[in-house]
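Two complexes follow with subunit A in common, the first pairing it with subunit B and the second with subunit C.
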Partner chain A sequence: MRRLASPFGIGAAATVVLAGVLALGGANEYFFFAGYVVLQFVVLATAWNILGGYAGYVNFGTAAFFGIGAYTSVLLFKSLGAPLLVQMAAAAVVTGLLGFGTGLLTLRLRGIFYSIATVAVIFIAETLMINWRYVGGATGLQLLRPAPMLPFETYTRMLFFIMAVVAVLAVAIARYIEISWIGRGLRALRDTEEAAECSGVPTLRLKLLACTISGALMGVAGAPLPMYLSFLEPASSFSLNYSVVALAGAIIGGTAHWLGPVLGAILLASMQQIVTVTISSEMNVLVVGVMLVVFVVAAPDGILGLIRKLRRPRAAAGKP
Partner chain B sequence: MSETLLRVAQVSKHFGGFNALSEVSIEIAQGERFGLIGPNGSGKTTLINCISGSLRNDGGSIVFDGHEISGLPAFERTRLGIARSFQIPRPFSSMSVLENLLVPLEYVVHRRSMHAADTRAEAMQILESMSLADKADTPSNRLTQVELRKLELARAMAARPRLLISDEAMAGLSSTEVEEVLAILRKLNASGITVIMIEHIMRAVMGFSQRVICLDAGRIICEGTPESIVRDPEVQKAYLGA
Partner chain C sequence: MTGIKRRGVLVAGVLALAIGAFASPALAQQPIKIGHSMALTGALGGGGKAALIALQLWVEDVNAKGGLLGRKVELVTYDDQSNPATTPGIYTKLLDVDKVDLLIAPYATVPTAPLMPLVKQRGLLLMGNYSFQVNSRVQHDMWFNNAPWNVAASWSDNFFKAGKKFNAKTVAFLVADQEFAQNLARGAKSIAATQGLKTVYEQNYPPTTVDFSSMIRAIRSAKPDIVYVMSYPNDSVAIVRSVNEIGVGPSVKLIGGGMVGLQFAPVMESLGSMLNGWVNYHTYVPEKSMEFPGVKNFLARYAKKAVEAKVDPLGYYLPPYNYAIGQMLEQAVTATKSLDHKVLAKYIRENEMKTIVGGIRYGKDGEWADARVVMVQFRGVVDKNVEQFRQPGKQVIVEPAAYKTGDVLPFDKARK
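And now, the complex of A and B:
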């Protein structure tokens, strides 16, 4: 009971209610179209941070998990006509298992070697889908959206609300990991894996757990994509853009705290949307690159690190 | 002599074609103060890496308290009661001194317990016994060399070990600091913890240990009381050259 009444619980509930009110009330339809993408990146950055931020294993394979999530949905929709929530649950299971499997194969690699291995996962997954005719092959698959669930007026509004709920859940999971013994173990192994192991931390098990949870959340973020676009094809589903924005969002926001990826993803994805509309859709990729460079140089601990420094300028300057 | 706590039998370890350890056998009794010496590169750290689980031995067996442990990952050996400090301190540098101790407390002693306050109190107690209490909230990357060494020992102690392996905990410290660390180790041993000390500072290791083994090129060349070791011609040759 006490946990429900905590500031975080209130904030989470308020976010869900706000998203519901927005989706039912007015606002321009485009707002939901763009808002969905921003929320999707909040989920991706939060999921990325569980392994990349807390444990320090930099994963470039976000796009693989995201894309597999989307393809799981298409497969279930085409073969069984499964409803969206079933598609999302199945995507979580499939990409969670994928996370566990790739973790087993790659997590013994450290540093840059791990990161390179994760890039390979994207190409393997994409190649498989290109060659699988049933789910559309290289040309892709056109999908007919069913009617939106009541009480939502349009399908996009419904998806916006669903993604808001997923985002809140993802953040709640990340926050739980961060403040529990799991988070302390992950930070210990990020600092020094050998000493963590000698302090009783089962490092491989914890990394596999982080990889599984992170992968499952990425898959859930990708699961509604076919319905959102009414179309799915491999090149855009496995786009490196997902990997880069997830990683950049977490780094720009700050990786040490659950709020970091949320702020970073909102900032980055909103700017991308604004630039796409006002300037050009090509320029939005540049935004990510420029912001990442600026933050890495000027604020290596992200927005949260910057805020902390501004709050306590004396404490930071006073100590050597 | 009291019962055996650790029995290392015929343990070998090679890296490629290099034999770091060849058929080393040691027995250590419950409550003993044991010294391990030898020139640089003689295999001391490799041996304790094999005991603590950071490395797997290629041949032989390691029995701790009746359990064959040579196949176990390091974290399980720590849970059985083997703790170590590292020669080059490896603090969890993103954490405060107190949080460093919470890691073994949460993962070994109070697994999945919900009493966070008790765990913190216990960590504070350990820090007090190491006279590190005033640094509890200091980020561990701001510590001095001697404080880092003490943190290594404190973190090892937080796992409530029965066997503590101290890997050159005194290297690079001033003589008063060496005395300080020695006093801590003596106190721990008096409370019933078996201690293996690896050390280059002869005065420290000879004064501390009841029994000493000297390694050279991966073999035990001499074993005995501290007095007999320093007089041994093999040992003198290993350290000073022929």
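And now, the complex of A and C:
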């Protein structure tokens, strides 16, 4: 009870309520299209941070999990007409298992070699989908959305609300991992894997757990994509952009705390949305690159690290 | 009512009248906004930039004539990065934030596909821009695609018609292993079967293939009369080069068909004389039979802008069709004196559209009622000269009969 009433619990509940109120209100439909994308990146950055931030395994394969999540949905929708929530649950299971399998195969690699191996997962997954005609092959598949669930007026509003709930759940899971024994173990293996193992930290088990949870969350983020677009094709579903923005969001926000990826993703995805429709799409890609370079050079601990640094002199000055 | 309140009501009334008096003419002067996204970056960026120049030229022209319904026309453009994930958001912004009056679809099939449910749901007119069978599932009755093809067979039937002249008995297929290419190849194979052609070689190659020498050698040893190729720009260049180096043998009378890329000026310039003899699909070439009213003037103006923008200087493939989209909207709005999407769609469905790419009538599915994919044979092409392609005779139309400007020559003869 006390846990639920914690500031985090209140904040999470308030976010869900706010998303619900907005989705039921009279705001412009475009707001929900843009908002959905921002929330989707919050989930992806948070999921990336579980393995990349806490455990220090830089994963470039976000797009693979995201795309497989989307294709799981398409498969279920086309073959069984499964509702969205079932599609999302199935996507979580499939991409969780994929995360586990990928982890088993690649976690022997470290550093840049691990990262390169994760890029390969994207190409394998994309090639498979290109050659699978049932789910649209290279041309893609058009889908007609069913009617939205009550009380939502449009499907996009419903998706916005669902993605807000998923974002809150993803952040809650990341926070739990961070403050629990899992997070302590992951941090230990990030700093020195051998030392952690010698101290009794079950490194392989923890890494596999992180891979599975991270993969499952990325898959859930991708699951509503076919309904959001009413269409799915491999090139854009497995775009490296998803990997880059998820990674950049976590790094820009700060990888040490669950709040970092949330702040980073909101800042980055919002800026991208604004720049795309105000300046140009070329600039939107540039924004990610420039911000990443600026933060890596000037604020390697991200926004949270910057805030901490700015606060410290003040706190020190306040002391007698 | 107190004196202050009465004065307030009076002032408010006068203001309301003043706003009413001035607002209507002001509103009438607001431009007609036409919204669209275009692939200005990404894989389709080259074609998208050229297409945008054409649309801008149409806006210039229509505004020079006084606009539409007495209002200026304004184009609202966003870059969709050739990415279908961006188009639903962009078109929602166009409709709900920018409040555009009319819509044009993005260039190509994939970025357009996600929009079809949106426009169907909202009952909107959408002018298609070089898509392929994007409406087959949604069946929206206010969709009008401006591209000179309709069904898959319409891309290749003229190629096989050209092959009849040689009394061909055998055929070889070389096709990219991509869905779109495979769809077209299926259409081509069914036509070949109908004509009683025996398939002596059939190869699907992965889209990343760069070396075609083994395939060309295999074709050579299979000795087909016709070689049908369905390829993408990089593959097309590599295949033409391979054939030039290795040769396909004297049996081959007709080679080409569905090679994407051989319509683009940079590719044509770089391949030069290697193109001679190839027969390939096109949508527009500067031959006498395709001198539609206004197209020459358009291409001359386009060429100037294209050089400045560093895009395809010839612009035969896509730009005239984009200008024509503007013309269709202009014709429909002027004739109906309306911006109502249903009224405009009814007009376009029932009338012939007069454009710089000829007269267009639409079928029930929103595709051209009569496809017009011409087969051209490259002849007398020399190296490193893009300007030569502005002259007739370099891309001779060999099919269909209505546009024919020369008989098809056997491959080896046309190369001499």
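Just so it is clear, the second predicted complex is superposed on the first by the 313 of 320 C-alpha atoms of A that agree within 3 Å, B and C clash if a C-alpha of one lies under 4 Å from a C-alpha of the other, contacts with A are read in each partner's own complex, and residues count from 1 in each chain.
Assume contacts are C-beta pairs under 8 Å (C-beta built on N, C-alpha and C of every residue); 3 or more make two chains touch, one makes a residue touch a chain.
From a predicted model like this one, the values you see are computed outputs, not experimental measurements.
K.L.:
Are subunit B and subunit C a fit on subunit A, or do they clash, once the structures share the same frame?
P.N.:
On the superposed model, which is not a single observed complex, subunit B and subunit C fit side by side.
K.L.:
For A:R187, is the partner it touches subunit B (first), subunit C (second), both, or none of the two (neither)?
P.N.:
After superposition on chain A, A:R187 lies in contact with subunit B alone.
K.L.:
Comparing subunit B against subunit C, which has contacts with more of the residues in subunit A?
P.N.:
C
K.L.:
For A:P7, select first, second, both or neither according to whether it touches subunit B, subunit C, the two together, or no partner.
P.N.:
neither
K.L.:
May I ask for the angle at the C-alpha centre of subunit A between those of subunit B and subunit C, rounded to a multiple of 10 degrees?
P.N.:
Computed from the C-alpha centres, it is 140 degrees.
K.L.:
Considering only the touch criterion stated at the top, classify A:G200 as touching first (subunit B), second (subunit C), both, or neither.
P.N.:
Touch partner of A:G200: subunit B, not subunit C.
K.L.:
A:G25 contacts which: subunit B (first), subunit C (second), both, neither?
P.N.:
Neither partner.
K.L.:
Is A:T139 contacted by the first partner subunit B, the second partner subunit C, both or neither?
P.N.:
second
K.L.:
Can you work out, in whole Å, how close the C-alpha atoms of subunit B and subunit C get once everything is superposed?
P.N.:
40
K.L.:
Share the list of subunit A residues that count as touching for subunit B in one structure and for subunit C in the other.
P.N.:
none
K.L.:
Can you list the subunit C residues touching subunit A in their complex?
P.N.:
By the definition above, subunit C touches subunit A via 40-41, 78-81, 83-86, 88-90, 92-93, 95-97, 109-110, 113-114, 116-118, 134, 137-138, 177-180, 183.
K.L.:
In the complex of these two chains, what residues of subunit A are touching subunit B?
P.N.:
So the residues of subunit A in touch with subunit B come to 181, 184-185, 187-188, 190-192, 194-204, 256, 319.
K.L.:
Under the stated contact criterion, what part of subunit A meets subunit C in this complex?
P.N.:
Residues in contact with subunit C: 28-30, 33-34, 37, 130-131, 133, 136-140, 142-145, 156, 225, 228-231, 233, 235-237, 239, 273, 276-277, 280-282, 285.
K.L.:
Under the touch definition given earlier, write down the residues of subunit B that touch subunit A in their complex.
P.N.:
Subunit B reaches subunit A through residues 52-54, 73-76, 78-79, 83-84, 86, 90-95, 99, 102-104, 106-108, 112, 142, 155-156, 158-159.
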